[in-house]
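After this come two complexes, each holding chain A, first together with chain B and then together with chain C.
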Partner chain A sequence: MYSEKISMLQIGLLMASFFVAGAGLYYNGFLFQTVDYNPFVPLFSGLLLSFIPAGLAAWLCARYPRKNILTMANELVGPFFGFLIVFPLVVAHFTLPLAISRIASELIVDVYLEQTPPWAMTVVLLSISCWIATLGTEAVARTNDEHLVIIFPLTMIMFLLSFSDIRPELTRPYLQVDFSYWIQPEFYGSLLLFLSFTIVLFLNNSISHSTKIYRMIFGLKFIGAIYLFITAYMILGTLGMEMAATFDQPLKVKMTTLRETVFIERIDIFLVLLWLFPTVTSKAVLIVTGARALGQWMSLPDYRRLVIIYYLVIITLSPLMLPFQHAKRTLLYLGPIWMLYLTLILLILAVASLWKNPQKASPRR
Partner chain B sequence: MRSLTFFFIVLLFLLTTGCWDSTAMERRALVMNIGFDVGEEKPLALVLDIHNAKQSDANTMVGPPGALGPAVIAPRTEGTTIDECLEEQRRNMPRRIDFGLASAVVITEDAAREGIFPYLSWIFFHPNVRNNSYVIVTSTDLQKLFTEEARVVEGTMGGALLVSQLMADRKTAALTRVNLWEAYRIQLDGTGSLMVPFVRSQEGRIYYEGSAVFDGDRMIGLLDPDESAFVNIIAEERMPYLFTFDFIPPEVKENGQEDEQVPAVEERQEVQEEQTAEEQVQEDSEEGSSPEKGHLAEGDREPKKEQKQSNGVEGRPEREGKMDVPDEEASRMTLRFYRVQRSYDIEKIGSQQYEANIHVHFTGMLSDANPPQVRYDRDDFDAMNEQAAQALEKKMQAVIEKIQKELKADVLHLGRYVRPIDIREWEAMDWFDVYPEVTINVSVTVRVLGATR
Partner chain C sequence: MTDMENDRKSLWKTFLYKHREKESTPPPEEDDYKVEQVLPSSLLAAKEMLEKSLGKPGDLFFRFIKPPALKRKFMICALEGLVDQKELSLHVVEPLQTTKEVLDETEDILEALGEKIISVSQWEKIDTTDEAKNQLLDGNSLLFADGLSSALVIFNHEYEHRTVNEPITEQVIRGPIEGFVESLQVNRALLRKHIKDERLRLDSMRLGRRSRSNVIVAYVDGIANKPRVDAVKEDIKSLDIDIVHDVAELSVLLQKRSANIFPLSMTSERTDKVSAALMEGRIAIFLENSPAAMVVPALFIDFWRTPEDYYSSPVLATFFRFLRMIFGNHLTMMLPAFYVAFTNFPSGIIGSQLIMNMAASREGIAFPPVLEVLFMLILLDIILEASQRLPRLVGGATTIVGGLILGQAAVQAKLASNIMVIVVAVTAITNLTVSNLAMLPAMRLLKYYFVLWAAFFGVAGIVFAATTVLAYVGSLKSYGIPYLSQMSAIHLRDVFDTIYVFSPKMRTHRPRTFKTIDGQRWDSKKMKYNEDSLDDV
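Now for the complex of A and B:
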């Protein structure tokens, strides 16, 4: 419906932003709270679990090139049920930025601006994301490209500076496993990070060469998992399991432990930017996809005005998330519910697709 | 759209101010070090080392003399909790207390012997204090330590003087360094014992006098600088390190002159006492004045023999591991190690029984403290490797004996390596009950690459 075009690489980079932002903001906190030792097992369990909806999404996107999940649902289960099953996803896209903004503001207030109240930072972060979102999907994707150019060297600096503090023996054991994570809500909360591929479902009509999208989805999952593994390894190697598990944002704490550096005394305040750029763009992409979906349903020629309405609503609602625990709990519940729901509707759509047209749908061109 | 953009920009300017409370510099009390002590009337005492920014070298707007105030003030308040102490500081001080520059947490020995975890955790969760500030234990009164005219090379750097040595030489084995986060981690995971630099202030100078060793969060003993250095080398692979030992050239050994060359410790000390300074000077001048001796053929051992016989000053414990003046103690070999590789090989040999094999490999060169006029060949270097390794091994064994049997403190952090062997057992056992019974074998190899000149 909307004639915006983004490339495969851009959609990949958008997914990468979710991993980078999530690792810094909440993922590692959840991960370390799930087990007594060896958090790498829940990490890879989460990755494997997420392959079910990701595989279904990749299959559907390849089967219906140039169609997003709204159009697919519309065609497969009818307009009413199509709206009914996709609408909760849009709600999730609109809810997540608020919780993420609050969690990111905690990071900023802790590291940079101790005297600034968190609500102010929440408003600022939401304002920036919404501003980028009003510029449209292409602008969000381009902004994200530029942000990743900035964060790549920062990531390298972070890894290099962390190296001397890491005690590999603190990350062990690798082969002894604590399976108690299956009954921990934090484990299911951590699954949220693996859901970045949902943006592909919403943007499939704007992606060129979308029949090969599975490469990007699985490739990014693999790269994202490596990134998560490295950050978890760095945190564990520095803080140890017992200490890391006491923090909601252990990667932030890890950054503040960097020993006095030669050229910048407080390199940590520079390095924390690492998560702020991708956080802003991943929020923007969630907002823009949500607004696009609403615009598509309402047949609006320009969905971007919806972003402004969303902004006003979300700013009004922002005090709801003011306590950090509320934001954290939102993520904790949103992760498993979203994952389960997504898997369910993708299964429904896949079954309906096979039911209606057992042959592979012919591509439009 | 343009007005919307303008609105956003104005909003950002309004909200993203780093100075939310608008507290100007002159309204702030810049805390350079946070001191904790045992109170005289109440359980705790908090001493803040507050730097007077007007006295800073960076202040180019110096007012009239006497208007600047003292360079450092160190108010002391007492209370039942740390926050109570801080509240009293706030009541007494017409400034906003700013911990943002605090570079060290200094705890008095008395307070350290009662337990430091409450201090560490309070500071760690204080939003303003840097997690990479240092932890230090001192035997000096905190107010004296902070306010003494400590202006050596740093001018009026205030509290930064305390840690300037730690900041300046970050790799040397001689100084123990522990950051706040590291101390906190060691307390939490219990995989080792904390070792903290122990300082003393005298006439405005800070002396690093080894390390305070902790059992849990209570200080239980002291390691002297040499012992600390060995622990730092083994635990942290810290370098560089200067090591002096008695070197007996292989030819001397073969000729059976060893006993003559190196008398027993008591004899040597007697020789040293008897030897007058004048004789020493005379010998030195003779050696220095003979140009031939600087150009001896390889394999000629005479100069070394002469030096050995002439001074015979081994066994001065205060000079162990320190650079020797070449003419004074030529027979002593000083090696400058610049690389160390340590490996822990820890095996479980039974239920809650472990054996630790520690291997330490040193790589170094002859320091320029050795007589330059002597040339060494391969056999000499091989002998040096062997003898230095033996000497180091002996010293390390003594240190390990002390920390394991006497102090019962795992400052080598063996627990970190034991933990993953069987983590279920680790969770069930108390490592510090098991640790004193662990068999620790230490082996040392040395590779001397050559001379520095």
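Now for the complex of A and C:
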């Protein structure tokens, strides 16, 4: 419906920004609270678990090129049921930016602006994300490209600088034969990070080469997992498991407890700044995909006005997340519910697709 | 759009522009109903008509000739200073006066004159008064024959113009040093000298209701995207304006977002830069009396590229482009903001020694850091503005007075700290690392934007500012091409020539961004290296 075009690589970079932002903001907090020794097994368990909905999404996107989940659901289960099953996903897209903004504002206020109220920072973060979303999907994708193309190498440099503080003995044993994390809610909360591929479902109508989208989805998952592994290793190596598990944002603590140098007191503190970029763009993409979906249902020629309405509503609702624990709990519950629900509806759509056995569209180059 | 919305818009327009409607003159005659007047057959009537139309100007001259071999009288008419009078005397007046050939009066005498008697390289027969006036104003001569309601245009215009020399605003150490001049003919020749391809198209148009300036839209057929070429031509055609003085003005007029501060077209005086742009599938627009070409579509990265990047090793080019783009660009915009952030919010990012130094240098200064920075930046920009427009002899003195004396005096008077003076000096230097000066004003303005964000939110504010600027730049398009193309990952191949300049072997294709027809620019496989001789080199 909307003529915006983004490339498959841009989608990949958008997914990458979810990994970068999530690792800094909440993922490691959840992960370290799921186990007693080291979190590498739950990390890769989460990755494997997420392959189920990711595989279904990739299969559907390839089967229906240039159609997003709204059109797919509309064709496969009818307009009414199509709306009913996809609408909760749109709600999730609209809810997540508020919780993420609150968590990010906590980080900024703790590290930089001790006297600024977190609510004010939440409003600023939401305002910037919404403004970027009003510029459209293409602008969001291009902003994100720049962030990752230029800033990702800097992040790697920061990581390398941090390695001098790591004590490898703190990270051992790598393999922990204890599967008690399967009953921990934090483990399921951490799954939220692996759901970045849902944006593909919403933007499939704007992507070229979408028949090969599975390469991007799975490729990004592997790269994302490696990134998460590195951050987890850095935290463990610096703080140790016992201390790391006591913090909601252990990566932040790792940064603020580094040794002093001569010129830059805490060079890694710049990492927080670098996380802000993907945090803002990942929120913008969630907002823009939600608004596009609503706009498509309402047959609006320009969905951007919905972003302004969303902004007004979300700013009004932002005091709901004033206590940090509310934002954390939102993510804790949103992760498993979203993943379960997404898997379920993707299964329904896949079965309906096979049932109806539609003519498979010819692959496009 | 609904009818109600249309009504509301028209009401609003009526409210806003009511006074203009009263002021505006009635529209000129519609072309469809305009009757073209035929030239008068009498020489005196033609003279009177031209004098009346042009308001009896002092530079309009007439020369009557009565060739001994012909029965008719002839009249030459031109505007002094616009025509080559030597050529007129030698190739028109003299042959007419000395001819002994008796032409058949029954044939078209003007065409016969053009073919047999006068020896100019280009002529054309015209019949209407409008054509006659336009040709006269274009600097051509008219030859009237008594009793005929037509005239011969002799294309012998010769405007005064500069000679081709080095572009002042885009100087390079290596590469050609010839630049475009104000003459369209010279510019056209310079371009043809660079691209001797039969598919180089130089489509002529007119621009300006009153100036009627010549415009050339240059592109390479078979490379440039045809719909984009048509869109450019359409935009120029639809520009109904009195006069456009320069391509930079044309660039502003063609912008769709009036509040945009980033240049969406690239103006260049360099011949090599423009010909390279044409080879990438872009379009160059030349305007009469303008010493530069306007190249569209323009990308953000273009303003940090220099021709020298391609005349040196890719490793060196990457290093220097990185210096310009990452350090030059970012320091210009962000260094004053970082000063504000570190002094306002010393949150432990920088070492305690540096914080103490900064605090010591600010001791006794009455202003808060933000005002101190704003004061010094405004002073810097005033000095830059003044030095740009002052005569060169005085300009140097202004810089010395502004830079050294005022800076030193400001520190001694406790108006600014020593570190602040260093920050301003570095900002002033990094300002100039941009390779195309069209981007400079935007960079200068943005540093204030960053300072304001830093004043409120410290280092995090700088990140917010950077994000919003990047998003805004990301939303811009130049003739349908995203402004951040090549830098963003739409086409991976195009990223090989952005901040990172890769080997020419990786740039064998034209940028995919421009959707060119012929995509390949170099068949590197055909290249046969003589390995032995290369070893010696």
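As a convention for this text, the second predicted complex is superposed on the first by the 351 of 365 C-alpha atoms of A that agree within 3 Å, B and C clash if a C-alpha of one lies under 4 Å from a C-alpha of the other, contacts with A are read in each partner's own complex, and residues count from 1 in each chain.
The rule is short, and it goes like this: a residue touches a chain if its C-beta (ideal position, glycine included) is under 8 Å from a C-beta of that chain, and two chains touch if they have at least 3 such contacts.
Remember, predicted model here, so these are calculated numbers, not experimental data.
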Would you sort A:F277 into first (chain B), second (chain C), both or neither based on which partner it touches? second
So, does A:E146 touch the first partner chain B, the second partner chain C, both, or neither? second
Looking at the overlay, does A:L9 come into contact with chain B only (first), chain C only (second), both, or neither? second
Which holds for A:M243: it touches chain B only (first), chain C only (second), both, or neither? first
Considering only the touch criterion stated at the top, classify A:W131 as touching first (chain B), second (chain C), both, or neither. both
A:L113 contacts which: chain B (first), chain C (second), both, neither? both
Let me check the overlay on chain A: which residues of chain A are in contact with chain B and also with chain C? 112-114, 116, 121, 124, 128, 131, 260, 266
Touching chain B in the complex, chain A uses residues 36-37, 110, 112-117, 120-121, 123-124, 127-128, 131, 134, 167, 169-170, 172-173, 176, 238-243, 246, 253, 256-260, 266, 308
If we count contacts the way the header does, which residues on chain A are in touch with chain C in the complex? 6-7, 9-10, 13, 108, 111-114, 116, 121, 124, 128, 131-132, 135-136, 138-143, 145-147, 149-150, 260-266, 269-270, 273, 276-277, 280-281, 284
What residues on chain C touch chain A, complex-wise? 326, 345, 347-354, 457-460, 462-464, 466-468, 470-472, 474-475, 482, 484, 487-492, 495, 499
Could you please specify the touching residues of chain B with respect to chain A in the complex? 4-5, 8, 11-12, 15-21, 127-128, 130-132, 167, 170, 179, 181-182, 184-185, 188-191, 416-417, 419-424, 427
